[in-house]
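The following pair of complexes shares a single chain, subunit A, combined with subunit B in the former and subunit C in the latter.
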Partner chain A sequence: MIQLSISFLLTVIVVLLVVLFLFTIYILVQRHREIRFTEVRDTFLQKYSQHWYNYLINDEIFSIVLVPRGRAQVAAIEIIFSSYLKNIINEKVEHKIKEFSNLYLKEFYEKDLSSKRWSIRMNALYRIADFQIEALLDTCQQFEKTKISEGEYFQLLKIYSIFQPELFIEKIKESSINYSESEYRRLFVLLEDDVFIRLFEDFDSWTKNIQFAAIDTAAVKRNMQYIDQLKQLLTHEIPEIQIRALKGLYEIGVIDEIDPYVPFVTSDMWEVRLMVAKIFNHVPLNYSYTYLEQLLQDENWWVRSQAAKTIVENREGIAKLQQFMESSNDQYAIEMAQETVVRKQGNK
Partner chain B sequence: MNKLIIAEDIMQEHEVKGYFEILRESVIRSRLTMTAVFFKVANSSQGTDIERNQVNHQISAFLKSKIRKTDLLFQLADGMHWGIFFLQSSEVEVKAFLKRIFAILTQEREFQQIALKASVTEIRNNSVDFETLLDKNKHKLADDEQPTWSVEQVTDYRVQPTEQVKVSIIEQNEIFRKVLDTTLKNLDIPHYTLDVSTYEDGYSFLQSDNYKTGHMHLVVMNDILPRKNGLEILHILREMPNEKKFIIYMMSERNSEGATLNAYEGGVDEYIVKPFNLRLLEAKIKRTFARFWL
Partner chain C sequence: MKVFLDFCMWFFGGFILVYMLFVIVSYCAMFVIAMLVMRKRYKLDPSEYDDAHTDAFYSKPVSLLVPAYNEEIGVVDTVYSLLNLRYPQTEIIIINDGSTDSTLQTVIEHFRMKPVDKIVRTHIPTKQVKQIYESEIYKNCILVDKENGGKADALNVGINVSQYPYFCSIDGDSILDEKSLLRVMKPIILSDGEVIAAGGNIRIANGAKMQLGSVTETHLPNNYLVIMQIIEYARAFLMGRIALSKYNLVLIISGAFSVFSKEWAVEAGGYSTNIIGEDMELVVNIHRLIRKKKEKKRIEFVPDPVCWTEAPQTLGVLRNQRRRWHQGLFESLWKHKTMTLNPKYGLIGMLSFPYFWLVECLGPLVELGGYIYIVVAFFLGKIYYEVAIILLLLFVIYGVIFSIASILFEAWILNTYPRPRELLRMILLAFTEIFWYRPLTLFWRCEGLIRFVLRRSDWGNMKRVGIGEKEKSV
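For the complex of A and B:
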């Protein structure tokens, strides 16, 4: 049996109690700090959100009480700024937020970037981009040289894309990290039009994910400026790019000439034929009907269905389909036309 | 002669009073302006009784042939005045009408015996009774020095009553809720007072019973809300028997055609994509209210 003296056991108990006591004190202090932090933040929000409204929206004079004293007040200002930026478009408001952040929040985020905790650094990077704290661009470039995670690098790219598009293009060219399509889309959507369009200049030099993301972003931006760029890609050798370019052109919704699309009616790939049937939605029916009739007799169900939908959307669509049903021998096409007409009439 | 016999067929002063009271109340209820015009023969002292009688018949027949089916023509008891109530018409339209008929009367030979003057009253509230209206207009036309074909104006009833509108803002973000609250409280819409209340979720709005009154009700809400989202509220409000009193603005972060279509088909009046310009929201609301009165 192990022999333990009572005094030894008592010593152990006392030591453990002391540790426990210290630990409790630590937790209580932390909790107190947390409560205090929330209190200060909420009081600031209560007291000054109206002041902020007056300053940002009503153009009232800037008051020194709006300048944060301490972290908790910075947190309150973050909440206020994020709410405004997320809900309201107003150049003046954006400019005021930018000006204020560059002046009064810069130091806080500079300190945050050298924090040991990843979450604090990430938060700082997000805020730098959201509040456009350009004054920290150099600090960010210094920060890039330290050992940073992939997520942080992604945020840095976002920051570069806002403040220094040139640097951004350079970085994604040399970047060893290959992001996913959706990540690239998130980056590209922030780019100004004149920078974004440069992605199409040397299109083949990009990786596939960048190429796909660029086409999809052009579609989301719905800017007529990109129509020419997308049209050029229609002759690209990779079918996926062709299909995405067609989809992008459909999304933008402005078809100025029909000729570039006609060859796709007889494409080997049904996805291409489907997209072209969709595109004809934006073309007057008397130009596109011959091709749509051809697509209505396609071997693929999706293509036939889309061609019928496109025809029926037109004012004379139902009459055209009825005429087609009387004259055609293709049972599949007739059935599709019939179904579409019935559905359309049901909706009316 | 046939024309003259038909002209006998117009309404008389005592018959019109009851109609007027109904029309006046419907001005408020349906927010549609009504304008009254009174005519007086300008050269009434000239000619024999028979001639005057003939002219009176001719005027009645002429006016009757020119009005629309929604206008109400009548002759006053003194035989020298005629009145027309133009429903759903503002003073501008009526003045254009007068200009048109006066041009015909002065240019065509068959009407050369007729000389008229008129007075116009735009009615946008219900604080006018029939007798006072008649008196005021008769008084306006009483001056014999007034030139023929002149148009006088009674302006006492042209101000529409101030209407109370309930406004509910349903938005989860506290800061933005306050921003909307302040913006709408400061919004000045002529002839409307806005009674603004705010809610942080859909459930508290439905619990408030604020929406069950008969007032016109502007709802500005997010599509995604905690505890009953915006689309559910939209559905509940549009299912109510008096759903027409709701003007529903939906704010959303989704900028897709599908979401927009869905919202409009569900019955929203405006779909606003966030972030948006507050001035634009104000302008849209002002336009919405401007549409209510002619």
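For the complex of A and C:
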């Protein structure tokens, strides 16, 4: 038996070594091809970057030399386009990139979508969204019918949100996949205002992550249009939604009346009290001081700290805090006020 | 006497053979899982995610904790690498753990640190904080000067001072890739907080060119000892971390670069100060807490190479490191021994703990036994040759084949060591592993076991090679 085992093990080792040897050869060949690919790509970049600049920025006439021949040149164009899209906001440039991609890159990505490799399909979906290749919308819808991963479906949603917002809303309604908040934010941020507002219309029918992401996106868009939507959520039964709505209103930064916020000063949840202390940043101190003084003596450290910060940000803030330190008996609150004043004076 | 000797030889021979087969099968399984996981990501363009998440709107703020004990040379570079990070919202907290050199002065002068009054909330009890400073140049950079209490205590102070919901511990002699924090936070962000801790893939920086805290170019170093460690890191990465992470079985995420949810880490009691492997201890404590609270939370390992660290270049330093690592591992496993095969802890108790006990912790004893067996069999004569040869062949599979496979797979997937000569050099060196490197490390790890049994612990606080060594090699 042992004899057999030795020969068996030897065979296993030899077979494995041969496999590894072949794998080494494969890697070396692959490396060589990659080097060639990079060379072609870099040559194209070197040779035509200026042409691209002239075409995209200086409005020079389109030259046929810019049309890619082969994958390496497509990769070079991807680098050029991505850097323009990332670094400058210019509708004209975006339009030219879109036009070019729809004409000359479409076929490459169409082919990539039928690749067996997930990563290649994903990269193609990224590009379709980035370069706005609307000509592939039908292909994308066909692609959706095949067996695709959650990641691919997310990219499809992103593409729909750009080209067909109606379809997008329909798709997220029927989708059983629950994406993360940060993913939904990435989708919502791209939506036009009218489509986005529609998300709030059936607010309660959405899943928790969509609700949270919608509130946070409304805040980041800093649009006055969303203030009413967020204010309505202040009476929502779920505390987390109340907190997020308060946070959103704080971030938009336009507080036209103090009354809706006053009840939150005595909320049972410290997070709510913290947010209201933040919101008072956008309210003149003579209206908010009474409440802020109350919050400065809160049992929670974060609330006290925020109340002190909010007061000190105001022009009369330091004087108010000093006055408070003289009259108060609350040692914790005095310490907090003191630290905040010292900090503020130090910064000056 | 002869009968007894025969029995011993057959018994141990059989035992070691079965053990080796078990280990080889487990490694194979983990390698296959790692291959499947990594294969999917091959050629995926990561910049799409990176670009989107450099916006604070999609990410969460992180406090970066840098414990420093006598790191006057390395600490400035580390802080620069943190300042270079592409991440929207961070604060850097350098904790001077009562250094006896000029670490404190160096940091104060270099970053124009100014003393500030700051109330610190004591989430975790620690040694006394002497003074907190804030940089005049970088507003998000804080220095905490405290009494010496060890690395764990320094990290706990950092947690207390930090203001963000996640913290990241970084060794004072590590250099980070600019996208490392983005990548390591990725599972946390994408899971909406279901992942509560994540660790990154650690790479060896020897032979790399660095400029103001960034790795600009990598070369395979000339030191064979370092190359062997590079191979070893690749193996650990492919035959362990990825597969364990897939099934939420990770017990170790390297302290050199890992992110934790502050809430969970504080609730788990922070870093333990009375144990060598404080990073493993925290991970195990968090696993316990997850089970206790019956929550669906995960700890993940991120395969992207994110953190560069200096590998020991001399046998003496390497011996110290390995002894310490192994003693730390044994200590943690022993402390939580009741979790082993305990169904209350789910897969962690039923799979992870037995795996760490059998393969990682006691493995060196059996393997070293195997080496001794081969030598003894050689002297005892013919009848044991065959068992010895089989053992040797298994060592070849275990040592040589697995190492080469790891090098090649890593080179293929992560595009490391792009020069063919470097790749071939590593493969050739892997053939020699079982003859010198493996026995040496086994011996040191066994030493660690013995030291644990004898309760010897004389390493003190955070003794590391430091960037001083690194500068010599670069």
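Things worth noting here:
By our rule, the second predicted complex is superposed on the first by the 312 of 348 C-alpha atoms of A that agree within 3 Å, B and C clash if a C-alpha of one lies under 4 Å from a C-alpha of the other, contacts with A are read in each partner's own complex, and residues count from 1 in each chain.
Please note the rule applied: a contact is a pair of C-beta atoms (placed from the backbone, for glycine too) under 8 Å apart; a residue touches a chain by one contact, two chains touch by 3 or more.
Values in this document were obtained by computation on a predicted structure and should not be read as measured data.
When the two structures are aligned on the shared chain, A:120 is found in touch with subunit C, with no touch to subunit B. In the overlay built on the shared chain, the residue A:216 is in contact with subunit C alone; subunit B does not reach it.
Of the two partner chains, subunit C is the only one that A:183 touches; subunit B does not reach it. By the document's definition of touching, neither partner reaches A:205: not subunit B, not subunit C.
Between subunit B and subunit C, it is C that contacts the larger number of residues in subunit A.
In the superposition on chain A, A:86 makes contact with both subunit B and subunit C.
Applying the stated contact rule after C-alpha superposition, one finds that A:53 touches subunit B and leaves subunit C untouched.
When the shared chain is aligned, subunit B comes close enough to touch A:45, but subunit C does not.
Overlap of the subunit B and subunit C interfaces on subunit A comprises residues 86. Contact residues of subunit C toward subunit A in the complex are 40-45, 47-48, 51-53, 57-59, 114, 116-119, 121, 189-192, 386-387, 389-390, 393-394, 396-397, 401, 404-405, 408, 411-412, 418, 420, 423-424, 427. Against subunit A, in their complex, subunit B makes its touches with residues 173-176, 178-179, 182-183, 251, 253, 274-279.
Considering their complex, residues 2-3, 5-6, 9-10, 12-13, 16-17, 20, 23-24, 27-28, 30-31, 82, 86, 117-120, 122-123, 126, 130, 180-183, 185-186, 189, 209, 216, 220, 301, 335-336, 339, 342-343, 346 of subunit A touch subunit C. The touching residues of subunit A, counted against subunit B in their complex, run 45, 49-50, 53, 57, 79-80, 83-90.
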